[in-house]
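Starting off with a structure, shown below.
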Amino acid sequence: MKMVEMDVRSEDAYELARKWFDEVVFTMELSLKEEPDIGELKERVRELRGEYGKIALLVITERPSLIKTLRQRIGKVLLYVQGGNLRVVRYAIETGVDAIIGPWLGRRDPGFDHVLARLAAKKGVAVGFPMGPLLRASPYERATMLKFMARVWRLVDKYGVPRFLTSSAGNRWEVRGPRELMSLGIALGMDPAQAKASLSFYPLSLLERLK
Amino acid sequence: MKMVEMDVRSEDAYELARKWFDEVVFTMELSLKEEPDIGELKERVRELRGEYGKIALLVITERPSLIKTLRQRIGKVLLYVQGGNLRVVRYAIETGVDAIIGPWLGRRDPGFDHVLARLAAKKGVAVGFPMGPLLRASPYERATMLKFMARVWRLVDKYGVPRFLTSSAGNRWEVRGPRELMSLGIALGMDPAQAKASLSFYPLSLLERLK
Amino acid sequence: MREKPKTLPPTLRDKHRYIAFQIIGERPLKRNDVKRLIWEASLRVLGELGTAEAKPWFIDFDEESQTGIVRCDRNHVERIRFALALITEFNGTRLIVRTLGVSGTIRRLKRKFLSEFGWR
Amino acid sequence: MREKPKTLPPTLRDKHRYIAFQIIGERPLKRNDVKRLIWEASLRVLGELGTAEAKPWFIDFDEESQTGIVRCDRNHVERIRFALALITEFNGTRLIVRTLGVSGTIRRLKRKFLSEFGWR
């Protein structure tokens, strides 16, 4: 079974993940306050694609409209949106991005509900469950985050939303192997087959979109 | 249902336990290196009985032979033996004391096995599961002690050994109510009915022996 | 503030229980102390993952009567009770946490176990 | 020393699994560091009660290859793996604990997952 790491964010994280996974997607983080220079961005994406093959753009923004521009103008990348702002997440799902990473990030609630789950399932937008933020959290934050993640998993499971487990590593020390990411999934309530599918079946079908 | 606290070891602990339990046994700790003065001990027991009604003697010793003397010479008390020394525990069970408190105490293993369990069941010797030592333990010690306690519970359950849950409080701050002691039993693997019986049915049948 | 997620339909909601408790301490505790006390006890005894599963949530505490309410997952009441039972002190103040009762709604909990302490 | 309890009959024994792991760290770790690392991770993530249930037990660690064996309860392998996965450092040394494989016996574990690291 082919194992896929959908989100690593640095050169050294990519190198290590390549040893443990069959496919690795390199993610470029994009914190946007306003419309980016599309030409420049396209150029950068082209470079990264040359270097790493499979590329994702992770948009971190408070402005929903920017997502549409990216969706329309930048091709051959997976488009991820970081969770946290519900308006942005809803818009991103409606626009049909490829994934929402961590709907609960930066929030005091799960940042996801049955309405969003139903919509995500319909639009084929995946939810990414990242390990990285857990590694950096205090005990209190970890317990809270795990609680929210388990809640989001229940919704994702119930409504059949595409999903993946990922390290979302910012550096090589945050990379974790497939079995370790599976253990996260199981801690959230997945059964082993679901955890495996979150590292293989669902990621592979997202990768199909890059062809 | 009558709730019984089988082991508190100070005046103020007894006072508090009386508020939360229908019956409370006051335990006198007896650390013995050699044969005690039996006359003096009888006198002390008589006094305590006058004050608290139901009395237990908790023998803490490395010398098995002392237990027999006490069993034969001191009446109208429950005779407990503190766990820790396997030779002492085996001898105590053979002698037919009323209970072994915490077979794992002071050990790096559960301090109990299937042979002792079978013997205890046959002789009607109870195993007491005390909460007090957990309160005083470090995280590492607590985890280890809980593991041993759960193992002893499995043997006690399997072989039908009489059993009770107790605070074994040395002072009022170590007293816990019936529901709290039940939660300890459930943490060890008891079902709620078994936990309740460990505070009522089994203690009451031990108290019968005082009549 | 920002938007919040919608309330889930009943079948998807977490099933909770409410626990009434009393603090018996050398000195009275403040509301915020009790909040921390519960979290620390849960993190120590149940760990980060066990706490995520048991979902303890501080609801209220009356400093006068030293009684309060904590919520948790329906299937983890005994684990939370056990974590509370193992508490021995807060900032050097010795104390006992005694649970008074458990109910599926705050209203019933107050009526059955807290009315004698002046709750309404 | 003092007597020990008798080995329980098979049906009463704890059912264990053995996990082979590798430490990938900025600096190599000592055997005793690894022992502490595992305990601390388990106590933090699973708590005192969760640790009592998962029964992690340090078996061995080879400082040369930075690989080792930890035992745990058969039904808690994934929880121990998760606790290990959340480890990020020891005494300021950044590291990753990677599990190599799981088996019901030490012998099979060594043969299948540790022989390439020089274990026999």
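Going in written order, the chains are labelled A, B, C and D, and every chain counts its residues from 1.
Rule of thumb we're sticking to: a residue touches a chain if its C-beta (ideal position, glycine included) is under 8 Å from a C-beta of that chain, and two chains touch if they have at least 3 such contacts.
Just so you know, these numbers come straight off a predicted model, no measurement behind them.
Asker: Work out which chains are contact partners of both chain A and chain C.
Answerer: Chains in contact with chain A as well as chain C: D.
Asker: Take the average of all CA coordinates in chain B, do the same for chain D, and state the distance between these two points in whole angstrom.
Answerer: Taking the mean C-alpha position of each chain, the two centres sit 35 Å apart.
Asker: Round to the nearest whole Å and give the separation of the Cα centres of chain A and chain D.
Answerer: Each chain reduced to its C-alpha mean, chain A and chain D end up 31 Å apart.
Asker: What parts of chain B, by residue number, touch at least two of the other chains?
Answerer: As it turns out, chain B has residues touching two or more other chains at 139, 142, 187.
Asker: Find every residue in chain C that makes contact with two or more other chains and list them.
Answerer: Residues 43-44, 48-49, 51, 79, 82, 86.
Asker: In graph terms, with chains as vertices and touches as edges, which category applies: line, ring, star, complete, or other?
Answerer: Graph shape here is other: it fits none of the named patterns.
Asker: Name the touching chain pairs, would you?
Answerer: According to the stated criterion, the contacting chain pairs are A-C, A-D, B-C, B-D, C-D.
Asker: Report the residues of chain C in contact with chain B in the complex, numbered from low to high.
Answerer: 44, 78-79, 81-82, 84-86, 88, 94-96, 98-99
Asker: Touching residues of chain A toward chain D in the complex: what are they?
Answerer: Checking each residue of chain A against chain D gives 20, 131, 134-136, 139, 142, 173-177, 179-184, 186-187, 192.
Asker: Which residues of chain C touch chain D once you look at their complex with the stated criterion?
Answerer: 43-51, 79, 82-83, 86
Asker: Within the complex, which stretch of chain D touches chain B?
Answerer: 2-9, 12, 14, 39, 42-43, 48-49, 51-53, 55
Asker: Quick check: in the complex, which residue numbers of chain B touch chain D?
Answerer: 85-87, 109-116, 139-140, 142-147, 150-151, 154-155, 158, 187
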